[in-house]
Amino acid sequence: MSSKLFAIVAGAGTGTGRAVALRFAKTYPVVLMARRPESYHDTVSEITQAGGRAVGVSADVSDERSMGTAFDAIKKEFPGFKLAAAIYNVSSGYMIKPFLELKLDDLEGSLSGSAQGLFNFAQKTIPLLLDAVPESEYSPTLLVTGATSSIRGSAKFGTLAAGMFARRALTQSLAREFHPQGVHVAHSIIDGIIDVPRTRTYTTNGGVEDSKLNPESIADSYWHLHTQSRSAFTQELDLRPYVETF
Amino acid sequence: MSSKLFAIVAGAGTGTGRAVALRFAKTYPVVLMARRPESYHDTVSEITQAGGRAVGVSADVSDERSMGTAFDAIKKEFPGFKLAAAIYNVSSGYMIKPFLELKLDDLEGSLSGSAQGLFNFAQKTIPLLLDAVPESEYSPTLLVTGATSSIRGSAKFGTLAAGMFARRALTQSLAREFHPQGVHVAHSIIDGIIDVPRTRTYTTNGGVEDSKLNPESIADSYWHLHTQSRSAFTQELDLRPYVETF
Amino acid sequence: MSSKLFAIVAGAGTGTGRAVALRFAKTYPVVLMARRPESYHDTVSEITQAGGRAVGVSADVSDERSMGTAFDAIKKEFPGFKLAAAIYNVSSGYMIKPFLELKLDDLEGSLSGSAQGLFNFAQKTIPLLLDAVPESEYSPTLLVTGATSSIRGSAKFGTLAAGMFARRALTQSLAREFHPQGVHVAHSIIDGIIDVPRTRTYTTNGGVEDSKLNPESIADSYWHLHTQSRSAFTQELDLRPYVETF
Amino acid sequence: MSSKLFAIVAGAGTGTGRAVALRFAKTYPVVLMARRPESYHDTVSEITQAGGRAVGVSADVSDERSMGTAFDAIKKEFPGFKLAAAIYNVSSGYMIKPFLELKLDDLEGSLSGSAQGLFNFAQKTIPLLLDAVPESEYSPTLLVTGATSSIRGSAKFGTLAAGMFARRALTQSLAREFHPQGVHVAHSIIDGIIDVPRTRTYTTNGGVEDSKLNPESIADSYWHLHTQSRSAFTQELDLRPYVETF
């Protein structure tokens, strides 16, 4: 693998973001992007200590100016590197509430993380991914994390669903525009509770082993998506624990 | 039919909005809401001259304050009336452009008309519709206009799709929350060109008769949705010309 | 309305079939088709006594020869008449069982009612519907009854779903082929328990009023589908009680 | 990996079946099942010469008795072995024709390969897969090949779609029933032309390189599905060439 390729993970906290960063760091230097340094600090150390290369960058994906500054820093950090993979794993803030108790701000918070954030991230990364097409062993890849709320608007989850549906719409549109140019764009519907410190006390599916999504397992499928041949791209897949009802 | 019921159509310009207003005005007094008076002026006159009752209200659905003012005016205009039907037919502004030529503003314009606008409209109308449940002959109804872009993110239509997917997500969530409370919430996927003055010169589907959607035909299906018994609500249907490829 | 048009309802027992026959009989002479005369006998009488015209025909839709005989009889009964509407409402026989307890016969029983039956019915009715295009006030219509199992394969409902998915596939294909020739083909996803004598004792959705689908309400939507202008055909809609979870 | 595990590929001709057999043969002894020996003969030799173990079995998946005989032979061939993976890749015979030129036989041929065939295959393999759950490193897996016609009924493709929709329905139902018991059931929507000798002369997507699906690339994703942790099963994914319009 060329040493001149790197990857970016936006939304690199605990959970999926951390596991995907660790997985891609086995092959590429990785940029971990999050709003606050405490989100990526430990993972950056973990990768570095394991002999990989990782750089943390603080940015607010929903803010164009913040993203401009972040990508200037990234380009300085990786001069001459091409972008092999960009992963958008930002959580959208949302409230689970009866509709009439919601405020417009609740909707806008969800849209901001899901739609504006992905829009800005894609504006910055797609040109870099296109630029890597001739050199990357694997097709340069934009991977976007979705959820059940990406395909189903449930009662009380309206603002979350609005954001996640919009995120999926953007991802599909990008796939249809950029697949023919050699950039792979895929969306994963994560259906279930992810097994992270914050959810450790949740009892799901009777609490049996593997009843929550293991972030490392998610990362394995993200890596598989990245390495797919351009003759057989997946645009969308679902991921859920074996005991999850669907 | 009780004389104390009324209907509101947001996005009441030419086309679907006008036709729906005319259709519902056969039974209810109708409020026509649009950003600019010239959008609803002629239809208000048309309804009035035909012996119906129509009131135009200027408002920007994406602006909470503007909606507050508009609904204060509506309540003054119809004291003691209950809301039988609210139709959300606002077009989202959007640009058809390669993704890398789009600006964040283009996305926000689409979201604003599709997501924030519907959110504000539903915040104002759902309480009025709930209030009408015991008295309305037909289940009080919130009808939302969608499009092909509500279910498909095409290349260059990313910002439109983001808004329309979000609009559909909100509509689904509202249906799941408010159907059990007696308010019917339905989404129509309009797939094709609507036959309005602006599209008269478009040649679609070989230009054969009825190859564009007749707004009056759309309005007939909206009226049918409104009159469905609560024992058999439709949440979503599609509408397209017989010659439209799908 | 021309006196030279008629309608056919296959699967004309109690419930949807009976209600649809009664609804269409307000406008057209109606053929009620079922395997056994006791299924349609009472409805034929009911229509006749109300001053309408109804004819019962016994046939097994899954058997080509039986359908041949039935349509010969129908043509003799209605010489010179054109077919305005054909409704396919046949239940597929099915077993709700763990997969490993099912027999191949269980699958074939479901396919036979859902796929072969619709195939034979469409082979017989589409030519008659095409022939009616120039004369019918409303677009000649083929309406097909679906269910939740048409779009979702649940555990233990595999054979039912196999048949209902196949039925929906055929219906979609027919719509895409015959809409441009003026024949309207629509599929209704009936999601919930239908309120018929057999289900009267079921307690659904807490047993509140209208928690089951009223067959007359289903028939109203079927009639609406039939009368849609060809400028705005619906290909698919869902129908469910207001309190049904979905 | 235990030497006591094996895999079965039904529909093991050229193309996907052959490539999947070769891929799984790197890890497991493989049974290749096809109606005629000439379909699997060369691939069996190829695997054997490469030092793997492969056995060809002739069977008609749509015929219960033939499947009984085949599985008796398989159990004799692999005494004490557990089934790690079963792949259903049988093509359904079908005709692309205007609906009114089709015969009932055309429909039944499609259903037979897609629905009855999968039903029989699952009846035979699910008990073996369940039996392997405690011992297999990877979750025992049933993989089913689908196509665009699994989710879209196109004009003239009605009989194909009927079969493929039914196949998808069965697969979904099996996933919902057997995931909680530890057997992974996944469906792949292959969208595009597969690059096999028979299609070599087809010019697709302008004839650019990789414009057809490479069977080895499909096999890579099948292997990935097989190796997914039970904490993150994929039930469905799509696979298409980067230049394929969708």
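Here the chain labels run A, B, C and D in written order, and each chain numbers its own residues starting at 1.
Assume contacts are C-beta pairs under 8 Å (C-beta built on N, C-alpha and C of every residue); 3 or more make two chains touch, one makes a residue touch a chain.
Everything numeric here is computed off the predicted structure, so don't read it as measured data.
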Required minimum of steps from subunit B to subunit D, each step between chains that touch:
2
Copies subunit B and subunit A - interface residue numbers shared by over half, same or different
same
C-D, A-B or B-C - pair sharing over half of the A-D contact pairs
B-C
Euclidean distance of C-alpha centroids - subunit A vs subunit B, Å
34
Counting only Cα atoms for the centres, state how far subunit A is from subunit C in Å.
46
CA centroid of subunit B to CA centroid of subunit C, Å
31
Give the residues of subunit A that touch two or more other chains, as numbers and ranges in rising order.
176
Name the shape of the chain contact graph, picking from line, ring, star, complete and other.
ring
Mind listing each pair of touching chains for me?
A-B, A-D, B-C, C-D
Residues of subunit D that touch subunit A when the two form their complex:
139, 176, 179-180, 182, 184, 195, 210-214, 216-218, 220-221, 224, 227-246
Of subunit C, residues touching subunit D in the complex:
64, 98-100, 102, 104, 107-108, 111, 115-116, 119-120, 122-123, 126-127, 149, 152-159, 161-178
